[in-house]
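Quick one: this structure, given as structure tokens, is what I'll be asking you about.
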Amino acid sequence: MVIYLVSLGRTALTVLAVVITAIVVAGVMYAAVPKGGQTITQTVTVTVTKTEAVTQTITATQVVATTTPTQHVKAAVIIRKRGDLGFNDMAWLGGQMAVKNLGATVEYFYYENVPMAQYLEFLENIVRRGFDIIVVVNFMMAEQVAELADKYPNQKFAILDAVVEGKPNVMSIVFKENEGSALVGALATYLSKSGTVGIVLGMDIPPLWKFEIGYKWGIHYVMNETGRKVKILWEYVGTFGDPNKGKEAATLMLQQGADIVYHAAGETGLGVIDAVYDYSQKTGKKVYAIGVDAPQEWIRSGYVIASMVKHVEVAVYKAVEDVAKGSFKGGVVALGIREGGVDISKPEDIKIMMGIAVELNLMSQDEANKVYNEVMNLRNSIPSEVWDKVMLLREKIIRGEVSIPIPTADTIAELRQRYG
Amino acid sequence: MGEMVNIHKIYPDGTVALRGVNLDIYEGEMLGLLGENGAGKTTLMKILSGLLKPTRGVIRIKGKEVKFRSPKDALSYGIGMVHQHFTLVPQFTVLENIVLGSEPKVNKLMIDWSRAEEEVKELMKLTGFKVDLNAKVASLPVGMKQMAEILKVLYRNIRLLILDEPTSALTPIEVKSFFNVLRKLREGGVTIVFITHKIKEALEITDRIVVLRKGLVEGVISTTEATPQLLARMMVKVETKPIIKPEVSPSREVLVVEDLWVRGDDGRYVVKGASFCVREGEIYGILGVEGNGQKELVEAIIGLRRYDRGRVLVRSNSRLLAYVPPDRTTEGLVLEMPVCENSILGIHKMFTFGKLAINTRKVVVHANELVSKYSIATPNIRTPAKYLSGGNQQRLVIARELSKGSDLLIVVNPTRGLDIASTNYVRKLLVDLRSNGKAILLVTADVDEALEISDRLGVIYNGRITGEDLAMNFTEERLGLLMGGALRE
Amino acid sequence: MNKMNLSPVIALLDSALRLGTPIALTAIGELIAEKSGVVNIGIEGIMVIGAFASVVATYATGDPIIGVLVGVAIGALLGFLHGTLSTYLYADQIIVGMGIIFFGYGITAVGNAIIWGQPGFSVGVSTISHLVVRVGEASVSISPIFFLTIVLAILTYFVLKYTWVGLRLRSVGEDPEVADVLGINVFRLRLYATVVGGALTGLAGAYLGVDWGGRFVSYMSAGRGFIALAAIIVGGWEPLITLLASYLFGFFDALQLTLAQLYGKQVPPQLFQMIPYIATVVVFALFFRKARPPAAIARPYRRE
Amino acid sequence: MIREYLRDAATSLIAILIGFLVGAIILQVAGYDPLYIYGSLINSAFGNYYVTLNTLTAMMPIMFTGAAATLMFKSALFFIGMEGQLYIGSITAFLVGHLLQLPAGLHAIIAFLAGGLGGLLWGLVPGYLRARFGVNETVTAIMLNWIAIHFTDYITQYAFADPKATIARTYKILPTAVIPKISPEVPLSWGFVVAVIATILTGYLLYNTVIGYEIRVVGLNPHVARVAKISIESTYLRVFLISGFLAGLAGATMVLGVFNSIVYRFSPGYGWDGITAALIARNNPYMIIPASLFLAVLRSGSIGMMVGAGVSNEMILVIQGVILISAAVPEAYILLARYVKARR
């Protein structure tokens, strides 16, 4: 008996431990939301309202506007997740634009952590829900889209960043990231004081090669123009998900003298931006990062000089618009600078991002304004002749006067030889 | 000094160990706790030392009722126990083991090793023990471990010292000096409880004897009034009969060991030129205190250990050697496995279809056969071996080994930890086997056993056979001298 | 300007310190637990929760020091959970550990989603201030947590070897039956050891969150907990060798990153990425394979 | 004996219940309706014939890795390198499927076995190091996992990267090497049947063969094994090889039956799922089947949960974690039951 009673004490202890752990973990999570010493009950209510706010913004999209002349479209947009203030949020924005301008109904689906073996299952689940168009913002799903396009010939698909050929019901939208990367490469080279620039990339896969080669091309363009020799540091760190690795790679570059580092590495790239911030803070040297996909200047305002923006929202919107206007066509659409698919970030882009941040309650309006001002201060500190030169290159690309190579498995080795 | 009133103990598995024991311990006495295996001596003392909690009953120390939640509580009352199975951390040094749990401290945190060493050396001077304090316990011979164990308990300034079968690992000579130490301790005012099943020892050293049988106190007697016959009757109801051995004239040599040199785990020679032979129809006993190379010798013979010099010749009809290891629970059986699977251990390759799949039916038949032939008490053959009693486990091991059909049987300490009935059964079985023409190598540390059943006897000391003769020719004194290394023939 | 650059060797070592520190901290903490006989393979999960908690706390208060403290506290709490289950309730330590890993990965992503609207990553927070060391004309900033790691490793070595706490802790891990007989509270000591282990792992998490990184990212522990487990074995359960093994891994990882930068043109990066793992296996198999774990490791102790 | 099994099963069930209960609390706190969400979880795992087959597909690799893990744990080795073996198995299966020209059917079988062989070879390294030199298998497992993953990256991104593919994957295997579907309309391939058979065979191996007998003896008590002349080293080596073979088959089924090429990091942790399944199944090979079904339901159902209810599927990880933690303490329930009884 005695033993059992003692052991019971242990049981109670354990239950207590579990409960405490749960409460503390939850408590810490909530305590963070309102800054300051509020009680837990208060924090819970605040969080709930916040969650509602987010849900509201999403469900609000289902309200049908009646004033559009075009056909009503029910669209599904498949993104990794919401709230990265980047690629996925911009795709979301494209959907929102379709709601606003076209009166479309848009639902969003999040594929983060769906195992690859189950992509088909995931997509097919969505197909069965019945949509006029399914916009897949995940190049890894290309083959599943192709398969489903055959199986459901009446279902229209659009896929971004991937090419699904020979299907009349699949629109493949690709971006000419090499053009955008060339612009930031040129910008970096003009601005570099040390004569060394860097780029950190995620996985060594064909889509990433366009960033690498475009960037290097831009650097060579300036080197040829000015005759100045610039050293390029570049590295594939092998992961999109380890910011500490990204930070380490970038720090190594900074320590080798790089003063501007571009990244194309997803969340690993966040580490690159953090590295630049940290390095500046700790050594007093001014170094900068260049963001990618979205206008990432806000992430460390004052340390990200520009971003190579992929206008995913344009692509998503275009897919829905084509369906609404009845002009949907299968095949490949390549969006370059000319088509508004890629570009160097503009102040408006940053403003839109800040708008999303405020809407998602990630920042207060004041904070967003402050960040915006810091970003603009940095931007304005760039000599205008540099901007002019970059814009000149941009014009040349739009007019087709220069062409930036698109690396393939056959040419990548040779291109790396040529551009270092 | 202390009393235990109406102590009951039922283990969680349902075994009833004690059924209401009353025990008084007087200040400054040497109390003998006598009884067979399973009488409940150790359980009773584990309760007194705080290691076990009684199911029912009260302990009073100096008239005050106490409840021990752990051995630490008992220690705080000055009660300490030296266990039969050493409670030493093998990977620690002797000194670390001795101070563990009551370390002298320099400040709040640091251990005062120099003071510890001084204190222990003082104790060694008092007791006459000599142990290398900086040696790892794992590398010590059994006798040394025993000393370390006792030093450890004494180090704790105890008033009541409980000793559980302390002499089992000592040579007769060592036992003598050990008893002197105990007497000295008693003169110093330490109360001692001496657990033993050896009547002779109880008579020699104690002041008063309490005899336990099957969880009850059978009787309490002053040592001066006790006689061996009286005690034996109290301990066991069945009178043990000496085993009658039919005459067999040994002929063919089945096992020949010549000038064998075997290294121990640490790379030093522990068997140093052992030579002997075992013939058909005889039990050849190798007697010695543990740690004199028996383990390595046997392992070399059965092929588990390489030997450097000499040779081992086995002229058996079977490639499989029948071997009953010293510890059935760690070497003889897989306790978690059912009886039937244990019954084919080592011969499992014979119970197959083709070469791969085990023929379950054949295994069942085999297991049932062993169970009935050797009257192994088990609920059924699918019961895990851990639920069998020690005696039945040993029967299972022996049965399995005999089913190998080898002419040669090697048994090591076959009756250790068994009750009287099982011990008698096993010994009788061995004698029967011998009479039927098997060659048996008996390695044992039990003098009585060796004398009782072996035909010829070799005494092993320090890796050598120091004396060999017909078993009946040995006197106890000669054996003691040989085992203690004081004599080499 | 180029003069200010660090020499590649210094840069490499600097990088190795950062890459090795979280592994070393976790390994030292887990070593303490393992010395007492408790294996907590959940350190991977504790690390990620520690990182999350530290970032959240820093986000809430603006002070990364508080972040570190919260990370340590949460780590200790999870250590307490694991310790209680695996001592007082005789839990299978491996299963509990696996559970904590899944729980940690999951709860931090869910929590991140609750606070920052999505499960992926948090906003940037400030990091703890570093010591700046001048190397020639350039300067290197070194985290105070690095020094703390070294101190903790030496302290652990010292405590295990010279103090009664260490002696008892080791005895509990080697032979709990003996320790119990001697009146040492096996359960409590193991629980404390696991709590300390959890706390150090939480500190390692905080290092990832508010020292090295400055933000939380889901799964950011990235297998470092397992590397720490390996480091303990490589180090043969000796604190200082374990420390060495951890930084050795950090060194090879930094070397890999450096080499990939230098020779990216000639050799595919995936081959470089294998270097630290291959090096560890080789070094281990050649030099440290004789390691012997505490005898009672992963074995719940029961009385009677 | 039967009581023990019942107790094990009851423990697992209680653990699962507690896991879902804690998950429900967290869901509730996060502002979701737990009943609705669990409903959509079950619904999307078993809602119709089609999704049920998808769930079975998700089960397929877990059964292989689960059987592999069970073998390891039965022999008391703590080897957690199934993830790496799975990747290497996928490589060898791919190489045979892509490079060799063989008649249909035979090609698939040979490629499949080649996958197992790859895993086996990858098990040979730690197995040899362990058996010959006593090198701790946990260390080699952790390291070899990463080496295998990076090597597979190299295969998918360099050595056999399909230049036409937009995602990082290798060339497709030849159509002759594809493991056929059970019927053309359903996604389930014959690999599933093989997985079930392999799991049952593992059980048979462990309980009805000489090798299995020796594995269990070595795992339960190596001293006895030594005395019984069972070579511990070669038993270990065998375990590494068989277990590696099984884990390799897991990779092969994914390549030959699902992707038809090696896709960059295609495994979301099937090796770890296998370890989890073995732990939930308490190392009973036959219990691997329900355990992996359960994990597959979580994996597969979580997708429906996301699509249908909008819950991040990390919630599934939380639930899985709590289930494991509560599965580890059977003692707690026994004590609790006794306490309740005593109170009455």
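Labels for the chains are A, B, C and D, by order of writing; each one numbers its residues from 1.
Here is the rule we use: a contact is a pair of C-beta atoms (placed from the backbone, for glycine too) under 8 Å apart; a residue touches a chain by one contact, two chains touch by 3 or more.
Note that the structure is predicted; figures quoted are calculated from it, not measured.
Novice: Just the chain pair, please, that has the highest number of C-beta contacts.
Specialist: By contact count, the leading interface is A-C.
Novice: From the C-alpha centres, identify the chain that is farthest from chain A.
Specialist: Relative to chain A, the chain with the farthest C-alpha centre is B.
Novice: Could you grab the centroid distance between chain B and chain C? Build each centroid from C-alpha atoms only and quote it in angstrom.
Specialist: Here the centre of chain C sits 46 Å away from the centre of chain B.
Novice: When the centre of a chain is set as the mean of its C-alpha atoms, what distance in Å lies between chain B and chain D?
Specialist: Chain centres of chain B and chain D, defined by C-alpha means, are spaced 47 Å apart.
Novice: Would you kindly tell me how far, in whole Å, the mean C-alpha position of chain D lies from that of chain C?
Specialist: Chain centres of chain C and chain D, defined by C-alpha means, are spaced 27 Å apart.
Novice: With chain centres taken as the means of their Cα atoms, state the distance from chain A to chain C in Å.
Specialist: Centre separation, chain A to chain C: 31 Å.
Novice: Hey, what residues on chain D touch two or more of the other chains?
Specialist: 26, 30, 150, 153, 157-158, 312, 314, 329, 332
Novice: Which positions in chain C are in touch with at least two other chains?
Specialist: If we look for residues of chain C contacting two or more partner chains, we find 81, 85, 89, 107, 114, 119, 218, 268, 270, 273, 304.
Novice: By residue number and range, which residues of chain A touch two or more other chains?
Specialist: Residues 3, 7, 10-11, 14, 51, 81, 112, 204, 238 of chain A touch two or more partner chains.
Novice: Along chain C, where are the residues that touch chain B in the complex?
Specialist: Checking each residue of chain C against chain B gives 159, 162-165, 167-168, 170-171, 174-175, 177-185, 295, 304.
Novice: Can you list the residues on chain A that touch chain D in the complex?
Specialist: So the residues of chain A in touch with chain D come to 4, 7-8, 10-11, 14, 22, 26, 44, 48, 51-52, 81, 109-110, 112-118, 120-122, 125-126, 129, 139-140, 142-143, 161-163, 203-207, 238, 408-410.
Novice: In the complex, go through chain C and note every residue touching chain D.
Specialist: Residue list for chain C touching chain D: 45, 81, 85-86, 89-96, 98-107, 109-110, 113-114, 119, 218, 223, 226-227, 229-230, 233-234, 268, 270-271, 273-274, 277-278, 280-281, 284-285, 289-291.
Novice: So in the complex, the part of chain D that touches chain C is made up of which residues?
Specialist: The touching residues are 26, 30, 78, 129, 133-136, 138-140, 142-144, 146-147, 150-151, 153-154, 157-158, 275-276, 279, 312, 314-329, 331-332.
Novice: Using the touch definition from the top, list the residues of chain B that touch chain D in their complex.
Specialist: Touching chain D: residues 302-304, 323, 325, 330-337, 341, 344-346, 348-349, 352, 355-358, 360, 382 of chain B.
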